[in-house]
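Order of writing sets the labels: A, B, C and D. Residues in every chain begin at 1.
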Amino acid sequence: MLEAVDLECVRGDRRLFAGVGLTVAPGELLHVRGPNGSGKTTLLRMLCGLVKPVAGEVRWAGRPARELGDGFLALLTYVGHHNAIKDELTGPENLLVHARLCGAPDDAATLSAALERLGMKAYGRVPCKVLSAGQKRRTALARLLISRSPLWILDEPFNALDVGAVATLQQAIQGHLQRDGMVVLTTHQDVPIDGAVKTLHMGA
Amino acid sequence: MVRRDLTLVMRNRADVATILFFFVIVVSLFPLGVGPEMNILRTIAPGVVWVAALLASMLSLGRMFAADHADGTLEQLLVAPAPLALLVLGKVIAHWLASGVPLVLMAPLLGLQFGLPADGLAVLMVSLLLGTPVLSLVGAIGAALTLGVRGGGVLVSLLVLPLYIPVLIFGAGAVDATVSGLGGQAHLSILAAMLVLAGCFTPWATAAALRISLD
Amino acid sequence: MNLTEFWHMGGYALYVWSSFGVTAAFMVGELVLLRRQRKETLDRLRRIRDIET
Amino acid sequence: MSSGGPNWFKYASPMAFYPLAGRLIPWFAVPAVVLTAIGLYMTFFVAPVDYRQGDAYRIMFIHVPAAWMSMWLYICMAVYAALGLVVRTRLSSMMAQAIAPTGAMFTFIALWTGAFWGKPMWGAWWVWDARLTSELILLFLYIGVMALRAAIDDTRRADRASGLLALVGVVNVPIIYYSVQWWNTLHQGASISMTAAPTMSRIMLWTLLVMTFAFWAHAFVTSLMRVRGIILERERHAEWVAEMVDETK
């Protein structure tokens, strides 16, 4: 169960947000809404431990995330604005790197199955730099399909995706929620996800 | 990690070549500047080769993290459950293999240009073999600190060069001592000690620097 | 030790006085610089505050 | 300087520290002036003429204290940087930032006076002496820390990045010093070295100590003044700064 207690963040000498609290129980999706520049991305990065809060604390099952260290990191998969894929490597190679990093199954079958679900099977041999933005985004999202971590933190996962990919991702998220997974995401498109959906308004 | 970076390096071989050519050109400049007398060249040879190695490895520091920072893979490293210092070590080893090792292989050829005797060349290679990883290890801290900072390239050299000086002193000293018959054993052992020291401590510092830069 | 002898510093006048002079210049200079810097920041803050209120 | 001083917890907040620094400055400014005066008097009138170098050796009375100060201030900066990184108190990072320029200044003075003392003693402006060389490298380290801080806009990140560099630097200072020492004895032998200063008579030793304390007091004054400037700069949005600005019309 992910929990955050009155988080505060200061950028330069501007206070981005303060007193932000949230809880995400297994099987729940937290949709972080807010205008641009309200600190949505920074909040997500803070949950992943990339950004240190000025005040407040991120907790997992009651214990502070900082104490859990790598243990906490093993529980989450983060997809940020950047696709985190290397242009020179091909899709499967990129996926292999991610699998190795977070200890997910890295045998060829699982990798190609994940890519196939996102319609990227045909591009297995091609270095990613020739792919379109949407295809790169799909390769990045393939990470979610192979990861076993219960907590997904997604930053604008739907942009640059066509209708087909959005549907696939939607199913993946719903499947994850049914398996008591947790999702924290930000998006501007309204993608209906059934299941326990909570929203957090930033910079209101 | 090392495997990934190596495949990456293989994909864009041009970078490795540029570092190597830079090294060769810088070393070959000195005779043109200093004049062709062999005995002068022989005395300055160790220093010249080592300073060129220093500069060459520093040039490629900028690339160590910048590419990963730009496409978001660096973030994934910080979020991965594996200890960051280990991943950093992997990246540094890959950087060393791409930038350090070619220098070590090329150095004897350049040594000949300066009329270094055979044993001098051997020690030159060994000292570079021990020294260049230290350059990559220490340089990684500078590269991480100046990530995404304007004027990063030049700034790295300003931060890192003072820290390179001990390696330069003992590296060039080893060759100098061997050529003058004193035997460079003491220097090499100190270089080896520096390698062990740097190997143990710098990854933590670089990991901390990365966390600061991505904050 | 009368004045002229003192000034000659046993023939090393140039070195002794220049090094003392430079040290004094830097130390005093730093103080002056800091005082001026403080006044500037205060004025700047005052100007910002006047604009805001 | 860092032992007692400002890091009692109550004074850790910039707001509480600002007036304290204000009150402390005169307490250090007066001894700075007094000690410098005494030191200068002792340097010129009390210290005997050196049999070998005549009066040129009087430069030692500022060169050696400046060299000590450059080393000490770097260590103080590193201590504050460590505090800033570990305990995350912003004031310690501000203190580290405040100390750097004064430390760099003393390093430069040490180099300048070293060169000017070297000229009469060995006839050369610059001698690759072990201590002078490591002093030069120390100057590069100072410049590196300040340059890194200047290049990063976000003050918080600048504090942490330059703090880490200061720590890496302080670990390297002894390594650099001994390798330069080894390098120097390797090439020139131990004949010429600054440490072989004229045998210390008691009076000379006292003059050195007085001058060192004078420099210490000066470092206090400049660091405290600069840290107040930094506090103003960083806390400009805080309302206590606004009130304060009104008071000093």
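Just so it is clear, a residue touches a chain if its C-beta (ideal position, glycine included) is under 8 Å from a C-beta of that chain, and two chains touch if they have at least 3 such contacts.
Please read all numbers here as calculations on a predicted model, not as lab measurements.
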item: Per-chain Cα centre nearest the global Cα centre, belonging to chain; value: B
item: A-B against C-D, pair bridged by the larger set of C-beta contacts; value: C-D
item: Distance between the centres, which are taken as Cα means, of chain B and chain A, whole angstrom; value: 37
item: Whole-Å separation of chain centres (CA-atom averages), chain C against chain D; value: 16
item: Centroid spacing, where centroids are CA-atom means, of chain A and chain D in whole angstrom; value: 48
item: For chain A paired with chain C, centre-to-centre distance based on mean C-alpha positions, whole Å; value: 57
item: Shared interface positions of chain B, touching two or more other chains; value: 215
item: Junction residues of chain D - those touching two or more other chains; value: 156, 236
item: Chain-chain contacts as defined at top; value: A-B, A-D, B-D, C-D
item: Chain D residues touching chain B - in the complex, by the definition given at the top; value: 137, 140-141, 143-144, 147-148, 151-152, 156-157, 160-161, 164-165, 167-169, 171-172, 175-176, 179-180, 182-183, 186
item: Chain B - residues contacting chain A, complex; value: 4, 7-8, 11-12, 70-73, 75-83, 87, 214-215
item: Of all residues in chain D, those that touch chain C in their complex; value: 40, 44-45, 49, 53-56, 58-59, 62-63, 66, 101-102, 105, 108-109, 112-113, 116-117, 119-120, 218, 221-222, 225-226, 228-229, 232-233, 236, 241-242, 245-246, 248
item: Footprint of chain D on chain B - complex, ascending; value: 141, 145-146, 149-152, 155, 158-159, 161-163, 165-166, 169-170, 173, 177, 194, 201, 205, 208-209, 212-213, 215
item: Touching residues (chain side chain C, partner chain D) in the complex; value: 1, 6, 9-12, 15-16, 18-20, 22-23, 26-27, 30-31, 34-35, 37-38, 41-42, 45-46, 48-49
